[in-house]
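Both complexes shown next keep chain A, but they swap its partner, so chain B is in the first and chain C is in the second.
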Partner chain A sequence: MEVERMKSQKNHTREVVVVGGGVAGMQAAIRLAEQGVRVTLIEKKHELGGHIRSWYHLFPSFTPAQEVYDALHERFASHDIELITSAEATEINPTSVTLADGRVLHTKAVIIATGFEIFDARRKEEYGYGLYDHVYTSADLELLLHEGEAGEGLAGALGFTPRRIALLHCVGSRDEKVCQPHCSKVCCITGVKQAIELKKRFPDAEIFNFYMDIRMFGPGYEEMYREAQQKYNIHFIRGRISEASPTFDGRLQIKAEDTLTGRPLRMSVDMFVLLIGMQAGPNFGLPHADSGFLEPQDLFLGNVVAPAQAGTLGGLFYAGTVSAPKAIGESLNEGIAAADAAAAYIKQK
Partner chain B sequence: MRFFAPFCIPFIIGTAFLFAALAVKWGSWLYHLPRADKKLIGRNFFTLATPKAIWEVIRESLLHARIWRVNSLLGYMHTSLAFGWFLLILVGWIETTAYVGLRWVPLQGHVFFKYFAASAHLGHKPVFDFLMDLLLLFVLSGVAWAVAKRIVHRFMGMRRTTRHIVWDKLALSVLWFIFPIRLIAESITCAVHGGGGFLTGSIGTWLAGWVPRSTLYALYEPAWWVYSICLGLFFIAMPFSRYMHIFTEIPLIFLRQYKLRSGKKITSYDNFQVEACSRCGICIDPCQIQTDLGVNDIQSTYFLRDRRYHRLELSVLNNCFMCGRCEQVCPVGINLNTLRQNSRDKMRNVPNEKRYEYFTSVPVEKNSAQSKIGYFTGCMTHLTPGMKQAMERIFTATGESVWWADREGGVCCGRPLLLSGETDSARKMIDFNTRLIRESGITTLVTSCAICLKVFRDEYHLTGVELLHHSEYIERLLVKGSLKPARANDESFTYHDPCELGRGCGIYDAPRAVIASVGVLVEPEQTREMSLCCGSSLANTVIDDGQQLRVSRSAVDTLTATGAKTIVTACPLCKKALARGTSHNIRVKDLAEIVAERL
Partner chain C sequence: MRRRHTSNRNSVAAIDWGYGINKARVINADVNDLRMSEAILREMPELQTCIGCGGCTATCTAGALTDFNFRMLHTLVRRGEYEGMYEQLNKCMLCGKCRLVCPRGINTRALVMLLKRKLGDN
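== the complex of A and B ==
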């Protein structure tokens, strides 16, 4: 476990501030430190890591998230990086970052790696999250899997053994009704991964994934999707669930339409998992898309660079999901790309 | 004395045409009225309804009382034109009689009396000269307002005014000219023959002072020609233009007093409503599709215009929340929502028989628990299960045994289909639910959905079953003392009137009483009869999600301006719509939820 710590050296003239200590921010800080750039990383929570700390196994290889984090953290700790935790940035300029407690960090460039927020499933009231028992989000399930591993298995963590499970894709993604027009990209494969995890623990359970489209964009994803169907006998039904309601015997009844056969269907399930999407975090007054994610200069050669604004000549860079939903591997890559762009920027200055 | 001169011909033609057109229009509309409507007229003709209608005609067609209430500047404009012109005709008739005694005088004799009187050297009656000038001035002031309104409508307290068709523009232009030209013609007459009151007489004297007499003579006849042509043109344009409302409103008032109504299907009575629209444009400003979305061609005035000229497009017809805000301000009292609904029925009603086959497989039986109270959740409440849970808690707290319509096979209430014009399909739903509710043996049916309530009250025949909105039901329980929520004196709530509940069913006070029992109610600026629509109305099938959101946000802004941290509403659709327009620190709750959380 990470403990709060703060390295502060005398005469540390800061060159780059990285805002956000998730995987993208950590990777960016490491890469800058490797190049001898004096870097400060600020993290709003009391420890590093961001969302990866809550995940159990990562798709598509079932690598424990902890392993990835530990390796990354080991590299981080081996460098001379100033770390300020429990510090939230309220205002970001290319040459300064203001913290919630009023401190101002002066710098030559800033990398914004503030990531995403998890969609609040209560906003889709019709699914009964927070109202009914046995409705979980995909984030809850990751924590339950952790808990199960540490204790009496998933059934122990849940308190029951489900016989039928429904997973619903695109909750808070591709849904204009909740102002989330974008695709969150990682939920499809998370849904497949979690279905397999559930099937491994409850081999007798029937598992249904309700989807609009299945988007298997990454290496090994399509293969995993095929395996889910062929090896694990997981059912995929194209159609969104319209509502859930509790039954007299304490289960949940879900209503949906199988849009491939054109038939409405009702089903009682013991467990209902909502695959929640990524929602944009704060935008710091920077240009952003309708979805709220920050827009880089362009999507090709300037994809980690903030658009040049009136009065500024660059100095702001983006890494990770702050600019769009991304998988962990992609966020790690962007950490490097943003660090290199920032290093080049301060050298040329 | 002959009351004829060649310049009268345009006027005579125009008048004859107008009367013929009116006879044809009214005649055919009345002839095509449904049998039941004709019976109503017969039954109510010799009752108090007739004098009431006459009084209403005076109040509305002449004095325009309702417009005065909406906007006094517009009120003055309409009164001066309508009542002023009417008085000019009436006093003119008295004047003629005073001069020539009680005898038949052709219409042009009254209208151009000044000309004939002067030509025949009938002498002067200063009282009439004064009265007629005063009235002319009154009408002219109205014309001046009308011109000013066209140029700067903000000046009249209107943000927007109607865009007109060619016939309207023609009629409007000649209407503006009629009275100034009359002033000129009469003044020249006075200049040549003397006489006239403070207006025409003074101008006449002044003209005689510096215009050569030969010029005055040369202008004398032409001025009367122009006046006659203007009148003739106006009368010819009238049946084709918005000015048809002047004469259509009169029979409309009578028929309305005889209890004729528009319904879900188009009838001949609708013609009276459609052509009684003066396109005054008062309906434009309250329309949120205009204020929030900048769409300027769908408002009731344009809908009625397009329907009247048979060029109604679905994109205009369906782009309406049917929130009823325009109906609230319509000075003619036209049933705008009903007309839009029956237009939809005509253009969209395509029942699909197969879709309702499953009704036969639903068993309809008496409720085993013999509950007297039924609860109709409604589809939308299923999408806001927090409300459903709250109602469950309230029922439990009262100890009532409740028959749940949707658990016993209840289907959609039919209102969404009705609003979209699928009248016949809606009827299938309505009939099915009616049978189900009747068989259940309940005596009270509670619903937490304002949309369902509206259709229950308007379309369901459920004699013996009291239909209550949950706000009314909860209010009763509070009064009876069977519910005792803890009141928070320091928590303030603001209330959003759902369109279907407030303007739709006239329920404004029950929800307020319920809120007052759990906290402090603060009213937004636009409330009750003029409350805003949440933007997600089922009636609008044209706008997209982003546009719905914009309407919702502006409604939320009005509500949060009160400073309340909780917006309370009484309709699941409003709840969902407002929730997405709010920021994180504002709660949107249903009435039942704020009560249940304090039990």
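== the complex of A and C ==
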């Protein structure tokens, strides 16, 4: 029976290709398989999951990222989904996807769920990432928190116990200087989450978040911000750090304006965390915003549909952070929405 | 009767108490004349995109040594507060560091020159 089913699969043309196996792509593939659509998922890396595989505990509930991934993967594995890993899509059309090794997959529709890339903090030289000791990105800190679970804790993973820590918001976001005009949406809440994680591990440390605006857009986020202030005594200073420089005793001196008092502020810290933003990945020649993220047909009823282009009649759909910065919950929702839109599209064809 | 009562109330503000008080700290948006500020924005519309992050003040060479606060200064000019601003601007050394920092890509150094030109004419 099993063999029979596999055979019949082979004889049928594939109906939908999902490009990208992060949370959005996995969810889209699951949803399509549930509806009996023959779906192929291709993933560039050797394993599924995308960025959340590198995160530790998730905002706003401190749920381990691994738990979310495991539950999603269990559902994925229970369905009949053709999976091709270590395969990078280089060209995408509504009826075919070309892989880097030259293979061409024919299909009736494509969901693009290729996600985002992490901003390279070295591009903001003035903050000294990769130049000075004790400068980390928020992505580095997630990995260090992982490492700290075993053995010596976070102090062990860092190799020291910080006494004063600064976190800087909007690194590689909202910045014309590095051509990243957009707000990355998740870094404010990540900054609040990481400040709390640090305070839990280093209760004696003073922790400062330097921000331009605090954007707490999601459920429970504002509450977490308040908790950071009230329960964990995290200090929030409204001002963008202009530069960091090493001090003679191996610490870092940072400069900002404390805009709420109207005075320049200087501070030496022994740990500096850059809350890096989301940067757009390749656009496959599709219409995109100035930020580089792919632009859907509209931001309402067509928000997971690619604009119909000259010569094509649709058949391309977007899910997750490929079209704008989003949190995991939102990316998962878009996986469902894009799958439903693609299923409706191939039925009507 | 009624009219007299009203005019009495109005005159309260004008009573001479015989001593002065500090100049009002309030930015009186009903009184401030924004024509100059608007003329400045017409010449440099990008200033409208300032998000008040304070990056320019943080890095400012003059601000580290004196009470010069460039972010506050150009914000006040936009509110129609011009008094003393030209003199403040004389503290700027035109080093241009602020321009390297501004996340909105505002040519802050050129803004200093523009402000001086406009406010100097006053």
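As a working rule, the second predicted complex is superposed on the first by the 338 of 349 C-alpha atoms of A that agree within 3 Å, B and C clash if a C-alpha of one lies under 4 Å from a C-alpha of the other, contacts with A are read in each partner's own complex, and residues count from 1 in each chain.
In this section, a contact is a pair of C-beta atoms (placed from the backbone, for glycine too) under 8 Å apart; a residue touches a chain by one contact, two chains touch by 3 or more.
Because the structure is predicted, anything quoted here is derived from the model rather than measured.
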Partner contacting more residues of chain A (chain B vs chain C): C
Touched partner set for A:Glu257, first chain B, second chain C, both or neither: second
Partner chain in contact with A:Gly239 - chain B first, chain C second, else both or neither: second
Which of chain B and chain C A:Asp213 touches, first, second, both or neither: second
Chain B versus chain C as contact partner of A:Glu176, first or second or both or neither: both
Chain B versus chain C as contact partner of A:Arg123, first or second or both or neither: first
Touched partner set for A:Arg75, first chain B, second chain C, both or neither: neither
Common interface positions of chain A, toward chain B and toward chain C: 126, 176-177, 242-243
Chain A - residues contacting chain B, complex: 123, 125-126, 128, 131-132, 176-179, 242-245
Residue ranges of chain A touching chain C (in the complex, touch as defined): 126, 170, 174-177, 212-213, 238-243, 255-259, 262-265
Residues of chain C touching chain A in the complex: 51-60, 63-64, 69, 71-72, 100-105
Chain A-touching residues of chain B, taken from the complex the two chains share: 382-386, 388-389, 544-546, 549, 576, 579-580
